[in-house]
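The structure is given below, and queries will be raised subsequently.
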Amino acid sequence: MDKIKVGVIGATGYAGAELVRLLCNHPYAEIAAISSKSFEGKKLSEVYPNFLNVCDLVLTNEDDLLAKSQVVFASLPHGLSEEIAVKCLEKGVKLIDIGADFRLKDAQDYKEWYGLSYKYPQLHEQSVYIIPELMRDSYKGQPIIGNPGCYPTSIALALAPIVKNNMFEENGIIIDSKSGATGAGRNLTQTTHFCDCNEGFAPYKVASHRHTPEIEQTLSSLSGKSVKVSFTPHLLPLNRGIISTCYVNLKDSYENDKNYTYDAIYDLYKDFYKNEKFVRVLPKGSAANLKNVKYSNYCDVSLHFDERTNRFIIVSAIDNMVKGAAGQAIQNMNIMFNLEEDTGLNLVAPAF
Amino acid sequence: MDKIKVGVIGATGYAGAELVRLLCNHPYAEIAAISSKSFEGKKLSEVYPNFLNVCDLVLTNEDDLLAKSQVVFASLPHGLSEEIAVKCLEKGVKLIDIGADFRLKDAQDYKEWYGLSYKYPQLHEQSVYIIPELMRDSYKGQPIIGNPGCYPTSIALALAPIVKNNMFEENGIIIDSKSGATGAGRNLTQTTHFCDCNEGFAPYKVASHRHTPEIEQTLSSLSGKSVKVSFTPHLLPLNRGIISTCYVNLKDSYENDKNYTYDAIYDLYKDFYKNEKFVRVLPKGSAANLKNVKYSNYCDVSLHFDERTNRFIIVSAIDNMVKGAAGQAIQNMNIMFNLEEDTGLNLVAPAF
Amino acid sequence: MDKIKVGVIGATGYAGAELVRLLCNHPYAEIAAISSKSFEGKKLSEVYPNFLNVCDLVLTNEDDLLAKSQVVFASLPHGLSEEIAVKCLEKGVKLIDIGADFRLKDAQDYKEWYGLSYKYPQLHEQSVYIIPELMRDSYKGQPIIGNPGCYPTSIALALAPIVKNNMFEENGIIIDSKSGATGAGRNLTQTTHFCDCNEGFAPYKVASHRHTPEIEQTLSSLSGKSVKVSFTPHLLPLNRGIISTCYVNLKDSYENDKNYTYDAIYDLYKDFYKNEKFVRVLPKGSAANLKNVKYSNYCDVSLHFDERTNRFIIVSAIDNMVKGAAGQAIQNMNIMFNLEEDTGLNLVAPAF
Amino acid sequence: MDKIKVGVIGATGYAGAELVRLLCNHPYAEIAAISSKSFEGKKLSEVYPNFLNVCDLVLTNEDDLLAKSQVVFASLPHGLSEEIAVKCLEKGVKLIDIGADFRLKDAQDYKEWYGLSYKYPQLHEQSVYIIPELMRDSYKGQPIIGNPGCYPTSIALALAPIVKNNMFEENGIIIDSKSGATGAGRNLTQTTHFCDCNEGFAPYKVASHRHTPEIEQTLSSLSGKSVKVSFTPHLLPLNRGIISTCYVNLKDSYENDKNYTYDAIYDLYKDFYKNEKFVRVLPKGSAANLKNVKYSNYCDVSLHFDERTNRFIIVSAIDNMVKGAAGQAIQNMNIMFNLEEDTGLNLVAPAF
């Protein structure tokens, strides 16, 4: 087959650069163009020397890129992707938006959490939000895919089986997440200055992170009821990975109902994900560790039970830049182009 | 005054070595002897070269140490301190136990969580467990002080005002803690092998950590009711510090009761700790970060409110080796010897 | 073509585990068997959970492995590979030794630096030591390849052009190398205990590291004269990579000889490596950084000139586990089996 | 005695903030004022929350500060301290300059390496550059002390005994230094962005770092001859500390002259520093490690001999922010005010 011509808008951002890394080894895709506002005219390898002799493409502008591409990944701050989408639709180019602009179905949520309104509401009817393991059937040829956020991916995969089966007490879900510093991107900030971040650790945006409505949208959709969560992200002094530790009060106890034993819920998870290559339900007694998924597209999930409080604790680990961004975006591209979902994603996490 | 003659048993363990570091600058204490089972006969500075020319004492055995000391810090694995305590009482030496053997009042808890029985139950009547900010009045001249664990200290200080005032829903407390690798001690393990720990992050002993009954003992004592918590520790890839992120469902809402507004609870905390040098209630809008407390005896506490779920989130930060171990032990020694509580503890956390 | 059946002896050591990671994506190789003395009978993924669902092979013993393999990688402590080699030759299995036993041509060097004698001297006549970029022509069908050490690889590639052209003062070479902690392997040691290694940095085995004779063997062979170097390795608080900073006194000055200008020597390097995919001579003004090569098979080389002292400074960066071990071993396997040298090695270093 | 009234100009830079940390515990100094151009009007603890309740002074301007101080530490980019010095002399305030403006005696060197000319040459006759262990006798009441740079301190202390005794080959000195990221200061740069610095390592400013003339000035002064060195700094992925690995070709060999044995030179070092509290010549067989000096004013020195090349290798370790900046500045203040040199500097390096 001819290779798919791919464009990456925002290729010098972290998600963009990771896309380039992964696309370099995708057997059915070729990078047709890459663009950057800040570095137009430079080679990517001048910005990121790891790409020297690997991808020495010159960063171009969006219009040039759109002219060369069949599908475009847009990795931009929120508020900028709708205009890209308009142009894509005009030109018949498909769009996978890595940013936040095509994630929230409810325009009110977008307004409340991002402070902006959708300018082209009809665009959003042509887009679909997809975490492949949970929603691949929603893909019906839409020209736009809203690629999920990193935290929401890690949390949805952790909670889906128990939420879909409505085994949890409503409003009892607490999610304590920890992300590596790549999650904060390439922009220089005091928080991600080496001496501040190294040997430091703290929560940020407690109970106010913009991924909250996206998390609730997915959980509500899975359960069929409105789900509210408390979500607290923290910044880890390491480069990659997210651990989400999710606390769920069970609706019933194993004394009343055999479906509520640890073993029954463990089996439920194993069964739920039995055909999913990228979700690994860990053996009983193990705990998900982000070192086992880094640089790969895996999501590891471990299950724990606090029988003293009848609370289930589910821990998930992903690489925020792969399964949480570029890898999942390629998974979505594979869906869009009817390829095997794992094409180009056979990434083995290094052992160290 | 004559300096207090201090002995440190287990001086080559991490808490022991940290005690030596702090005692070197205590104006009213002198290190009379240090002991170690593994390194008897060696100088401390041969084991820890940072002590070269600072503390070159030779590590001796326990009996020799007891003969030279007025007060002894024992930093030993659980199960070993009772025998030390017996000898101390015989010789009229005071004991501050850094280990776990004098923390739990209920022998049954000790048996359940540590798998051992108290051999000398009467000893425990002569001992007292003290987190100074919450329990200094319990000191009535007892010859033995059980020094609190690191996690329990960080959690008790985070929750005390809200628990003592019974503003929380029982059994709704969830504590997600993260500790630096010094918490795992000097012993070599795969988990703390550099390449495993670095760029890794995971929970451990989920819902089964031995500090759980100690946490519940303190919270139950403060509230006057039996409190059960879910407690999940995680291992951070850094040396020092504990962040405890504590989730509390409020008993009432601010719509019904003005004591349940964020501002009211913030004021409650400020007032509760207004005379406490070592507990800093951070300004509104800040989040506790362990980088601001490392190498110091401070406990920083930040308060956050998730009004969408009527949940209060309290975050505390301590240095696990100082306020979580050696520093608090010296605070307790100061109480024991009627010194100003902060004597020898004017440690300024470095900015980086 | 049929895939090459590959065995990995010592698969639970760091080099072994990295070989498995890379072989998983080699298009013409399949892992026929893996072995381990310490973990025989366990799955690799029980020892390294990153391999779960990726390589769940059971670790077997050497004899079983030899029966299943066409080529064997042996990743063992020195002194153990000769016996493996004897068995390989008996069975017609090829051997790539990742350890130190087939690196030194001079048995006396081996004895002096490793404290052992070759038991089967004739074996060493059937073996060849290959850094592909410098010695691939030495491969004449030998059944055994001695895979180079990590430091010697980084140093030989840094110095080859200037040494081969005899532009340097003899005995003036000083090499200051810094390696990540994977270089110390999986064994637990105090030095690689997280709290000792993290935020620490020091040299080790100053002027006495066993890689010294291997470095000198290659440099002497390139120059045709006996070369002696001072070599000091240091341990970096990070997982992967080696930086070698090499100081060379030039034999002549650019005032006398135009071949001794910075530009002339830079051109010499560019030309020397112009057909070498895995050696990147960086643009003038750049400095080699191990972050740009990690998880890849590249060796980055940067050139610097101290005209005040007429000294050339060459810096090389490799991933010690890839170009310094498993990647180069696969490069050697590709040579052995007449494959393109980069087969299975199209690894793009991540940007972060 | 009355406490010395101290002002810190540039208190929000890294060296300034470290000065505040150390001055907080100096028994004979009090912080009279602190200033900052960028943060005037804010509390120091708003910029660095570690100082909350410890030093909540409001940052003022330079004139206000000068009016309140007997001695001023200026921690500023080069080119700004002469104007401060003029004002200090006018007001009879003493000055310790932490920046680069009073380090180089030769105005030509300053011009060549810093690109600026001294505006007030006569000021420099009233100033003196002091590494206390080597030059304390140069203090004759001068109103200005030029505080040494971090790298030059670590290197001068490593080389002084061998250089002062002229045991080295001229122009054979090579210095390979490695510094933690605090050396790059508080300013945000791509190089010190967490994800770039973490798990990365590289040299910078190879053979062109501005500390070179300062290093040569001290070595030349000690030896009485003009000394030229090759100096290469590297950036370590950790917060604090400098390791300098210094290579020296010995002038003679131990075969000819018994002063050139390892033991003789070791004894020379021990004797040279026998009265120096802050320089620790490590036991034979040890290597200096920055983890043993961090957060302290010590300089650890280890000696190594490469007899194969008749080269001496001296390794020194300091905390770049303490002995390399703020600690040494306080040592110089103590000299200026005729206090014991270690006053306020009894800092015990933590073991971890």
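The letters A, B, C and D name the chains in turn, as written, and every chain counts its residues from 1.
Throughout what follows, a residue touches a chain if its C-beta (ideal position, glycine included) is under 8 Å from a C-beta of that chain, and two chains touch if they have at least 3 such contacts.
These numbers come from a predicted model, not from an experiment.
*Asks:* Where centres are the averaged C-alpha coordinates, which chain has the largest centre distance to chain D?
*Replies:* With centres defined by C-alpha atoms, farthest from chain D sits A.
*Asks:* Counting shared numbers against all numbers at the contact of chain A and chain B, is it over half, same, or under half, different?
*Replies:* same
*Asks:* If you average the Cα atoms of chain A and of chain B to get two centres, how far apart are those centres in Å?
*Replies:* Centre-to-centre distance between chain A and chain B: 38 Å.
*Asks:* In whole angstrom, what separates the CA-based centres of chain B and chain D?
*Replies:* So the centroids are 37 Å from each other.
*Asks:* Which parts of chain D, given as residue numbers and ranges, touch two or more other chains?
*Replies:* In chain D, residues 14, 182, 195, 198-199, 237-240, 289, 291, 352 touch at least two other chains, as defined above.
*Asks:* Could you draw the chains as nodes, link the ones that touch, and say if you get a line, ring, star, complete or other?
*Replies:* Chain contacts: complete, every pair touches.
*Asks:* Using the touch rule from the top, collect the residues of chain B that touch chain D in their complex.
*Replies:* Touching chain D from chain B are residues 14, 17-18, 21, 24-25, 48-55, 182, 199, 239-240, 277, 280, 282, 286, 289, 291-293, 295-296, 300, 321, 346, 348-352.
*Asks:* Where on chain D does chain A make contact in their complex?
*Replies:* Within the complex, chain D touches chain A at residues 14, 181-182, 186, 188-190, 192-195, 197-199, 237-239.
*Asks:* Residue numbers of chain D touching chain C in their complex, please.
*Replies:* Against chain C, chain D makes touches at 171, 174, 176, 178, 195-196, 198-204, 206-207, 228-230, 232, 234, 236-241, 243, 245, 247, 287-291, 294, 304-309, 311, 313, 315, 317, 352.
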